[in-house]
């Protein structure tokens, strides 16, 4: 397994957000993480990225423990994240934000080409190249956050609700982009409220409830699971 | 009352406690401006000095009765609070801080050059009317007033401004009026504090009200816990009493005092009593009360 | 309620335009919203929807055009004045008073309907006490409506995302608005939560309020709105009933991508 | 009404302490930290030396002197706290301090109310001893120095015509000019030119031009060192030869820095300067002891006056045969031609000190050296 | 002699600018009003004195030594007193900074005594005539050193990657870390540079005014803070401009005969500027996008 999470416990002060999470992401997979508000999805991703120190448990990447690594080192291993709530650098321009995404890269020429690629994917961003990211609309910021993560050419991409606030057409676009970069070799761990879409492109999925994994398996099986349908697919 | 105090406390303790009380009044004022409303003020000492000089001059030149002189000092400080607040409160964050800091320095320089204030020589011979009893009364009154404000429609609107100005405005809070009112009350208390100070120390000098004094007040409220009234009381007490308690280490006193500030901040980053509000201390009781009164209304 | 049948215009946008530097974010938009209806505004990202909300609530002033609320021109007024006149809103990026309790957040909503100043707070006369009691009761009611009353004493920042969104609505309701603007109220919610939210919004409508709504979840929008306006690059490209809009080729091309069922 | 009871109690406590203690406590009121620390620390050094000298010689009235040192961090409010503490808790019979006028004025009323002697070893401003009959100071006052120096200029240096330069926006300068003018009149000296400047000015061409033609014997400059240095520079540039005389406002190395060669020969008076060559026996011993304890550094005005302050108090106690402030206060007030390390001190009726000698320093080779000492009667 | 006054003002302003630069850098990233910055400047000046007097070094060596010593000190202070407070309210580290400032000032008073110390002569000061103005060697050195340091800083921030990382970190530590930025290192680096600049300022001012004291940092820190805000928080050219503005305003205020009101003039100007440009001279206007 490329990425393995073992018995992860995380608390915010008195609040126990994760109570022993186990999950695995294999090379080349798309793995979806679904669950209600406050289930602990974001917490899981932030812990993997090293932004939160777990109480206990281990995270390994290619067999190497990364649990105690600082976030920037984890990024340099190739694990990148599209954070929840966009988190663009509001006082920097769209272009500068994209450049920040390529911070760890040394190949300047390719960076330029990749920026062009992002602009092709999201023409809206190209139009607003030198606008301050803080004045972008919500959806535009979401596109920027996505584009910025792509700039790092990650091995593993963690995505936290990438479709939030996007127009329907763009939602479809985002999911096809996810598929596309996955096919190009990037492994993906996807957190989504839009469980329908998530399960339709994922290989496998985990269902999280109040800090624990309650269900897991191939995405298709989960999509057909009546409990899941009732709770997360609104059917 | 004062004679009762002096039966139990020697004059040194009385002096120290009186000073503590005076600082507390000023700190409560700053807490309303900075702690509750979130408006950074680095010029609080200026308002103390305005109150101090106003009341002292009234006492000296016009023999105004003590209480009246103090009140006038408070009102004068509040007036200047409004005059300063009006143009500057549209500044945000540190820019407001700097503007208030600048105002503080301007006030100091002006007092330094006025004849009625005695300029650099200072103003001496102010009658010593401030007693522990008076200060204690004013402290109790101020705490009471602040607790009432905190739990009112007005107090809530101030906190809302601190938390999110845009949302507060969108919810119908007139932020300009609210901020200026907070400034007026906060600086009024500073003026009262200054007046009491003048009538305790009996001597005023502009250099005692420089920006370092303003930062001292800020230290009181941040270390206690911004926006928390028990916090302000504790923070002010710790920081004004610590230099006295630390006298036994003599030459290392200020070294330790500096380290203590760093240490306390690191241990309690939100202040000693950050987030503690008197009301929340009694929260359970209150909830029950509203519960019963609500159901009573329904019946 | 009979309100629905009175076709009285509550909000009117007349040729409203705003520019940011060279960018025209909202371009000569006309709109009329009837009292008691649910109106949706949809459009691609960056079309200018939130900007229209900001214009209505006085956060931006239009470069050109006029906005009228119940016949009165409101552009140029301060946000708090507009709120007092009867328009309340929620924010796309949640803006709660994080360090205040849930109940206090809602009480702030009542601010413009009450009047105790700081002197009143000190004196605490029977009138003031009565007012405070009324505020608490009305706020609890708003919380009940949004099913948040059990969280009244928690700090707003400790609520999960979906509940924060509902709290924003409760807070807006507390200002007793005639018109309420909801900016992506369902974002970040799961399908079940969205269902609950829909029924809550219908309840709000039943109370006689007019609802103006921006949302990207088409199922949500289509089943809720009476009429829909579509914006693209700041211009209104279509308007009509949900069925009409869904079939409009321009809308499909610019926004929906394919017809939504 | 209430305060009265407290005071009586205090007096009783004071008596008890005076009778019962086996040490005589003298408090130090000053800054060891903060902006005024330079004055406080030096004062304290002098005080400690005095206490040591007294105790080594067997103390007074069979008791040792004990210095209670407290730091007020250069803050007025803490200064009053310290004063209260010294009086109430430590039961000192006298307080030496504060070296600055401001804090002295805040502390003095407390000492006065509690009938504890307060002797400032540094305050020179007005309105200090007026606070009450327990308040003293042992510094050189301009009112004493200016006439003495003027007389010296007239008699010893033969000056008849002078130019007077005042910095109009400087309280100190305006006041000093007034004192000098009175003294000049008393000595029948002529003011041939009078010019005003402002602190902060850098260009004095006009003023110098105006006085140059009057050919004064010397220039009396009452302002501060920065302007003094620059002023003399301009004077030399325009070919004036006369030297400058001023008060301790000119006493700073900055004078030489600003004036360079132009201030060679300029004269400045002050209350004390360590001058081993000309010093009397007592002073010489003091300087030696100070140097020994401070890596060869020389004592300044504050340490010398701090030393004298303790000695003055000790002698008053000895003379009164009691360390009760109410008794030795009177003896202290009678001090006349008392010889200390910073000079001879006499308290006038209003307890203002007349200090002798006035130290007249001269700039020589870029340094201040003692030119002469001027006795005051 | 307006041009002469202007020159004096610019020299004074250049030293303010040096201190303000460090201030604004730290300020821009961790939003900390680094009250101890003035104390670092003071310590820098003392290290300069020590190098010249005890180790008999020339100006350049002393300057570099002071800068190095203060770099280490600045980084250490950040580690101990500010890093644990990074995620708390903005005012918490301010208080901790005041504590550090009290500590350093008292410590220096203990070590060197409270008296001002004369800066031992390192350069023989000469005056040059430049048309209508006289400029001293010290002034020339200050202007040159300050310009070089500022140019160097500008280069780093504008063209070197860490400059951009600073701006990113200043907005959001977490997201910056998610870009692969070592936030701790960026912040340490900022403190190192800022403290070095302050030390340089300390040495230069020590030479200029020929006096170094444990209390010299208080007012200098305040002025630098004002200069930084005046220029626009976090803006490096702004800090330079703010420093110069303040220096010139003060000097001209004095020259105009408002000596007594010198500080008041500077602050009145400052308030007026802020009323017209609420985010400082070069600060970006705040965008209200909700």
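Just so it is clear, A, B, C, D and E label the chains in written order, and each chain counts residues from 1 on its own.
The rule is simple: a contact is a pair of C-beta atoms (placed from the backbone, for glycine too) under 8 Å apart; a residue touches a chain by one contact, two chains touch by 3 or more.
What you are looking at is a predicted structure, and each value in this text was computed from that prediction instead of being measured.
A.B. asks: Quickly list, by label, the chains bordering both chain B and chain E.
C.D. replies: C, D
A.B. asks: Looking at CA centres, what chain is most distant from chain A?
C.D. replies: Most remote chain from chain A, centroid-wise, comes out as D.
A.B. asks: Going by average Cα coordinates, which chain is farthest removed from chain E?
C.D. replies: C
A.B. asks: Could you give the separation in Å between the centres of chain A and chain C, each centre being the mean of its C-alpha atoms?
C.D. replies: 30
A.B. asks: In angstrom, rounded to a whole number, how far apart do the mean CA points of chain A and chain E lie?
C.D. replies: Distance between chain centres, rounded to whole Å: 42 Å.
A.B. asks: Give, as an integer number of Å, the spacing between the C-alpha centres of chain D and chain A.
C.D. replies: Centres of chain A and chain D (C-alpha means) sit 75 Å apart.
A.B. asks: How big is the gap, in whole Å, between where the Cα atoms of chain C centre and where those of chain E centre?
C.D. replies: Centre-to-centre distance between chain C and chain E: 48 Å.
A.B. asks: Touching at least two other chains at once: which residues of chain B meet that condition?
C.D. replies: Those would be 166, 251, 254.
A.B. asks: Two-or-more-chain contact residues of chain A, please, as numbers and ranges.
C.D. replies: 135
A.B. asks: Which chain D residues reach two or more other chains?
C.D. replies: 32-34 - these are the residues of chain D that touch more than one other chain.
A.B. asks: Report the complete set of touching chain pairs.
C.D. replies: According to the stated criterion, the contacting chain pairs are A-C, A-E, B-C, B-D, B-E, C-E, D-E.
A.B. asks: Using the touch definition up top, name the residues of chain A that touch chain E in the complex.
C.D. replies: Touching chain E: residues 46, 49-51, 70-72, 75-76, 80-81, 83, 87-92, 96, 99-101, 103-104, 132, 134-135, 148, 152 of chain A.
A.B. asks: Inside the complex, what are the residues of chain E that reach chain C?
C.D. replies: 288, 290
A.B. asks: Write out the stretch or stretches of chain D touching chain E in their complex.
C.D. replies: Per the touch definition, chain D meets chain E at residues 32-35, 37-38, 40-41, 169, 198-203, 253-254, 257.
A.B. asks: What part of chain E is in contact with chain D in the complex they form?
C.D. replies: For chain E paired with chain D, touching residues are 1, 4-5, 8, 105-106, 109, 113-116, 118, 209-211, 214-215, 218, 254-255, 257, 259-260, 262.
A.B. asks: Spell out the residues on chain C that touch chain A in their complex, using ranges where they run on.
C.D. replies: Checking each residue of chain C against chain A gives 20, 23, 42-51, 92-93, 158, 160-163, 184, 187-195, 216, 218, 255-257, 260.
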